[in-house]
Amino acid sequence: MPRIFQRAKKPGLSPGTLIHVGERKVDKPRISFIDYDETQFQEKGVKTIEECFPFKDTPTVTWINITGIHEVDIIEKLGKHFDLHPLILEDIVNTEQRPKMEDFGNYIFIVLKMLYFNEKENEINSEQVSLVLGSNFVISFQESIGDVFEPVRERIRKGKGRIRKTGSDYLAYALVDTIVDNYFIILEKFGERIEEAQEELVKMPTPETLQAIHKLKREMIFLRKSVWPLREVVSGLDRAETPLIHEATGIFLRDVYDHTIQVIDTIENSRDMLSGMLDIYLSSISNRMNEVMKVLTIFAAIFIPLTFIAGVYGMNFAFMPELAWRWGYPVVLTVMVLVAVVLLFYFRRKKWL
Amino acid sequence: MPRIFQRAKKPGLSPGTLIHVGERKVDKPRISFIDYDETQFQEKGVKTIEECFPFKDTPTVTWINITGIHEVDIIEKLGKHFDLHPLILEDIVNTEQRPKMEDFGNYIFIVLKMLYFNEKENEINSEQVSLVLGSNFVISFQESIGDVFEPVRERIRKGKGRIRKTGSDYLAYALVDTIVDNYFIILEKFGERIEEAQEELVKMPTPETLQAIHKLKREMIFLRKSVWPLREVVSGLDRAETPLIHEATGIFLRDVYDHTIQVIDTIENSRDMLSGMLDIYLSSISNRMNEVMKVLTIFAAIFIPLTFIAGVYGMNFAFMPELAWRWGYPVVLTVMVLVAVVLLFYFRRKKWL
Amino acid sequence: MPRIFQRAKKPGLSPGTLIHVGERKVDKPRISFIDYDETQFQEKGVKTIEECFPFKDTPTVTWINITGIHEVDIIEKLGKHFDLHPLILEDIVNTEQRPKMEDFGNYIFIVLKMLYFNEKENEINSEQVSLVLGSNFVISFQESIGDVFEPVRERIRKGKGRIRKTGSDYLAYALVDTIVDNYFIILEKFGERIEEAQEELVKMPTPETLQAIHKLKREMIFLRKSVWPLREVVSGLDRAETPLIHEATGIFLRDVYDHTIQVIDTIENSRDMLSGMLDIYLSSISNRMNEVMKVLTIFAAIFIPLTFIAGVYGMNFAFMPELAWRWGYPVVLTVMVLVAVVLLFYFRRKKWL
Amino acid sequence: MPRIFQRAKKPGLSPGTLIHVGERKVDKPRISFIDYDETQFQEKGVKTIEECFPFKDTPTVTWINITGIHEVDIIEKLGKHFDLHPLILEDIVNTEQRPKMEDFGNYIFIVLKMLYFNEKENEINSEQVSLVLGSNFVISFQESIGDVFEPVRERIRKGKGRIRKTGSDYLAYALVDTIVDNYFIILEKFGERIEEAQEELVKMPTPETLQAIHKLKREMIFLRKSVWPLREVVSGLDRAETPLIHEATGIFLRDVYDHTIQVIDTIENSRDMLSGMLDIYLSSISNRMNEVMKVLTIFAAIFIPLTFIAGVYGMNFAFMPELAWRWGYPVVLTVMVLVAVVLLFYFRRKKWL
Amino acid sequence: MPRIFQRAKKPGLSPGTLIHVGERKVDKPRISFIDYDETQFQEKGVKTIEECFPFKDTPTVTWINITGIHEVDIIEKLGKHFDLHPLILEDIVNTEQRPKMEDFGNYIFIVLKMLYFNEKENEINSEQVSLVLGSNFVISFQESIGDVFEPVRERIRKGKGRIRKTGSDYLAYALVDTIVDNYFIILEKFGERIEEAQEELVKMPTPETLQAIHKLKREMIFLRKSVWPLREVVSGLDRAETPLIHEATGIFLRDVYDHTIQVIDTIENSRDMLSGMLDIYLSSISNRMNEVMKVLTIFAAIFIPLTFIAGVYGMNFAFMPELAWRWGYPVVLTVMVLVAVVLLFYFRRKKWL
């Protein structure tokens, strides 16, 4: 189940104390490094974070991607060299952050949630992605190895589109855009599961259907929690009065913003859908109860009077003239059939049959 | 069923990559072309988009309408000639857009949803309409062939109203106005279906009624999704500080805005109506269950005691003095009738009969 | 039933095309005419609208009231002489408008909904009232003949209060105020009907009670639709930066605004009341079902065991020693009474009796 | 029951027409009069309102309290002498006002609702309190005699706190503060009643419990209606740019504002509580139905098969070998016990026993 | 149960009258005292509040912590010496405050709620913490002895982090941060309890489960009441234009703000979770009722017809030819078995078995 409640850290700690909060999703942090401008391009895997430091002040765009955030001293060294505020470092290693964006003057800090669909558990999971955008560098932090940023790397390598011609702000935009685009895939899958549950609901709802609806609702809450704050993040980036983001990037940010709103709209609509499905489920239970009751009532209402009649002529009174009649038995049988027919007719008129 | 969840495109693509997302609703894109000012008027079907290009810089108002958006290279050529931003072109061919309006300085881009009622499926469908408003041209993109813009064409041809005397902004307004006017027809039909479902509900609700209510609710969500953002679009056009929209057009835009609010109001009210109908449906199920239970209870409560009495005198004890009495049988029958009458009276007082 | 869904007009028409939308509530439009200032007063019925035209430019306050709006050419002539925008004329004859207020510089256009209670149908109806406020004239349009403006006419005739001493803005205020005051009467009646339904609910709810609640809810939606926008209309009048409305009138407009808020509050509260009543209705159904079930259970649980005992001694085994005992029959009867008493006691302890 | 719907006055009346709307709660209006500054103090009961007039222009703070507002001519005379706007006077005598605050330049008009708990009816009632704050006077209007302002009078008499050292604005604050403090007492009582209903709900809910919950909900709506607008009133006083309110009073007004928010919070929370209680009530009905059904089912399911067996051996076929067996009867009895035991075991496994 | 309704104090009291409202949680107030700057540090327990007074004007940061607020004269003396407004003192001793922040120019007053989990009662309790932040002192007031501030003291003692290098504003921040961090622990526990209740719900819901859900909902309301206002408090501190808070502290306050939003988000999500759980509970009751009904119906529908057949052949008519047939009995038994089989088959097809 996607976790909706927060993990707590120890309260009263000095702010900026680096403590990894969250699961450890990779064994050893991996550092990947790309450096480019319009004319040149360099990509390498690096072993120690220090290898990246010389590129901090080159005019080329430097992108350092760190996968695995549980080794705090890497984050610490990086923070010291790039002069990042201790609170940022604390946020990077604490995976319980809410998506946010903060402008620190000479760099901008962004926290996002990357969503992926866990086929095995048939549910949505999330991982935290943090970005630091400086004037000529972007540092990104991921929890686990995924190839979600691979298309961006490919575009840099091949010099496709405008990415090599623009600055670090466009790179940061491209990463955010990739993450938001990814949400649509998650939502498409989510939508399919809602449709499936809906079909089940119409055909033959079982208590498992209710469980499924409830699970979807839970995931919807989880999605909302991950996506709602994004709206402020992206509009904050667009409105930020900072030289770090060039005016030309604005239109791309507004494009991402539109997508974010689309994602939020879809989530809100799925909420309405799910609550409607619950209503249908409840009324289908009531309907089935009605069916059961009707069957019971019809059986009971027909046979109880007949049994009574049989009971009367099973009495042992000495003087019961009917018992001695030649046609007593056939007459009683006929009466019984008549009673049954009248009752069946009555129930048919009531539309119970 | 109207689709409520988005189709996803491949994430990580370079922004501005033209990929058609949506159904292909026409075989081959059709291009229609109208050029006019107060004194002259010219209309022709064109085969290649290039035929329209020379009119870009004439002072007359040029209206290019493209039906069918899956051939991306037409869009691309057009974009290049009219100098449209790649993101716009991407939005035009992706039919999953949310209605929006964006001011690019020398042109304004508008995305709308055209709604039409599918009689065959008895449901509402939508198609995306994009408009590009330049200083002396309007380019409109439709997904499928419909005659919704025909009245506007007619007004241009005949020079009716002020359309020939005004600029491209008024033409764009006229197109938006036509689309919004069209919503009222959809809503009228939608309202009728709600009334029908309501009548069914009062007369004789069945599980199909619930399905109908649920379908209407789904369509209401779909409508809301298409119409809500329109509010911002139209008010954005009115407030836009752009030389593209003349002041005299403002009052017409405010008129469209009023209509948009009316449409939204009606959708919100239909939401309230539908949730009220669900309540009635649920209580009608309970009421019918009550009816069934009463019938069962009355039958059982009357005949079970009588059967018991009959059972007593069916026992085979050697010494049962009543059995030998001359009037035993008639007395017992009378007692039975009395018991039945008392119980009937009791149920009538309880208002169950 | 009050109509909640809009009637649509033909889409794509040139804006300003005058088409009457709505029912025709009077045979022939009537025009009434009042002209006054502090010292003089003149009132007459006029046959043709042209008779009113000379008064347009006199310094006295002129009030033209037109009842019946289906004869579009009267509206058209009036519009031409008083130089009204075509969109206004279109709004006047389309009775599906949402209440609104628009400042056109040299006049202000106001649309309101007049509510009246239809005793025969036991429901609320509405009619559209439009006002045009110029610097020295007010033109009002009503759908049907009603005496709702009579008190204002009376005040003018008798020179009561400040109405003769003030300008056209005060007259417009007085008309709006009269309409809003009228809402309180409607709400009082509406409140009474809610109280009635409530009493019925507590005493003896039937499916008809549910229908009544649902009808009241529908009317509440209808009321809200008519009254909510009024808030903006009145506050718009108060805040409007126009020489048409004198500062001294501001305090009166704020008074109307307060009343509007009171009306809206009451409608919102009635909404809460109605949803509470629905809950009570549903739970009363469940309660009654409980009652029915208890009766059934008590009857069945008592008599079924007794019938079983009787059945045992009705068996025809050759060797059943009890049957031959002298006291067999009385003992069995006693056992039966004991069983019944124990069960009755059990049900009383369960508080079912 | 607290009235939630408004009483209407006659529409179309000239604004400022004084008509008392509401119940008459005292026989004859009483006027009390206090005049003070830091050094002197004077208190007297006055017979005619004219006795108070000379104090209007003295530099001392004058507090006139009028209890009973149905004698309109007192209000009228007062209004003329203190130069109050006719609309204010109309509001004072119409007890259906919504709490509000209006700044008239040389005085401020405040309407509040005083709440008190009616022990006899076990419900909350309200009365309207109006205040007029001038530069050196406060006029207060109450509907009925209550000692709610007595503590303020006492503070003035004894010169306790800062009241004698400050101006009329502080006196007005003290009156408002007293009224708001009073709300807490009402809410405490209200809270107790909710807790009581809750306890009843957990122990043994009856239809009366539902009635109680519904009554509390009604009162909650009534409370909300009286208290919500207060927020704007008090914050309006604090923000008002008027020389009538000294800066030093601001902090006290913010204190009252905090209390108002607390009151509103509590009301909103009680709303949540009440809706939760309704859910519990409904589910307790269902639970009890379940209990009833289980009892019925257990009885029926055990005895119906047994009765059937007895019925079989009560048949009168000539050739039924079992009937003649020596051990037939005991064997059948044993079979019956076995069937009963198996069924009991089955129901215990189903956790119905 | 956490109390949701306010305790009232006596209305009409002079503002600033010190009356302790709330439980008395410690016997005797304890005063602890810390004084530090970057180079020196001093900590002592003090007996009388006067011992702290000399430090008011030293340039070092002074932190006075008072545990136990029922002895009003300590608060009063402190207030007099530190020149605190009487309304603040009143708020400190009244534990029913809503969290708030007020800027008094030369000091800032903050009220917060500290939450702790009462293991014994298995519920959340709260206590009020007030802070006064002056230019070189912080005074904190707690209701009971807890070690929540101990980590801060430890940081001061050891000179860890930046706390010794910064001013009183950072100390105040550290205290607020500690309290907010503490909320996460409460929420984690709360979340666990929700998960537990959820598991119970899926496995085997009982009326106790409903009680648990309701209790959690109540606590959720209580949490919301304590935490919602915090948002304004912290953002108010950040935005306050006061020399008391240095710019460098702003980023830390924004960090606390982010945490506050996270807490509020989690509470809102738990609200959604709880209402979803209620729906599941209700539908599980209905489902079980369905189960019960099916068992009853199957038993009744099978055995009632069989009993009827037995009854027929238990009649005592003189002429019933079947009774005399050699194979009568076996044939009837076979018929009975057939009837039962057909009915079982019928119920299996209906999926009731």
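Going in written order, the chains are labelled A, B, C, D and E, and every chain counts its residues from 1.
The rule we apply is simple: a contact is a pair of C-beta atoms (placed from the backbone, for glycine too) under 8 Å apart; a residue touches a chain by one contact, two chains touch by 3 or more.
Quantities reported herein were computed from a predicted structural model and do not represent experimental measurements.
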{"item": "Mutual neighbours - chains that touch chain C and chain D alike", "value": "none"}
{"item": "Cα-superposition angle relating the copies chain E and chain B, to nearest 5°", "value": "145"}
{"item": "Numbering shared by both copies at the chain B-chain A contact, with half separating same from different", "value": "different"}
{"item": "Centre-of-Cα separation between chain C and chain A, whole angstrom", "value": "42"}
{"item": "Gap in Å, rounded to a whole number, between the CA centres of chain C and chain B", "value": "26"}
{"item": "Two or more partner chains touched - positions in chain D", "value": "282, 286, 289, 293, 296, 300, 304, 307, 311, 314-316, 320"}
{"item": "Chain contact topology (line, ring, star, complete or other)", "value": "ring"}
{"item": "Ring path (origin chain A; first step to chain E)", "value": "A, E, D, C, B"}
{"item": "Of all residues in chain D, those that touch chain C in their complex", "value": "4-17, 85, 87, 96-98, 100, 102, 104, 204, 207, 210-211, 214, 217-218, 221, 225, 278, 281-282, 285-286, 288-289, 292-293, 295-296, 299-300, 303-304, 306-307, 310-311, 313-316, 320, 322-326, 328-329, 332-333"}
{"item": "List of chain A residues in touch with chain B within their complex", "value": "148-152, 155, 160-163, 177-178, 181-182, 184-185, 187-188, 190-192, 194-195, 202, 251-252, 254-255, 258, 261-262, 265-266, 269-270, 272-273, 276, 279-280, 282-284, 286-287, 289-290, 293-294, 296-297, 300-301, 304-305, 307-308, 311-312, 314-320, 352"}
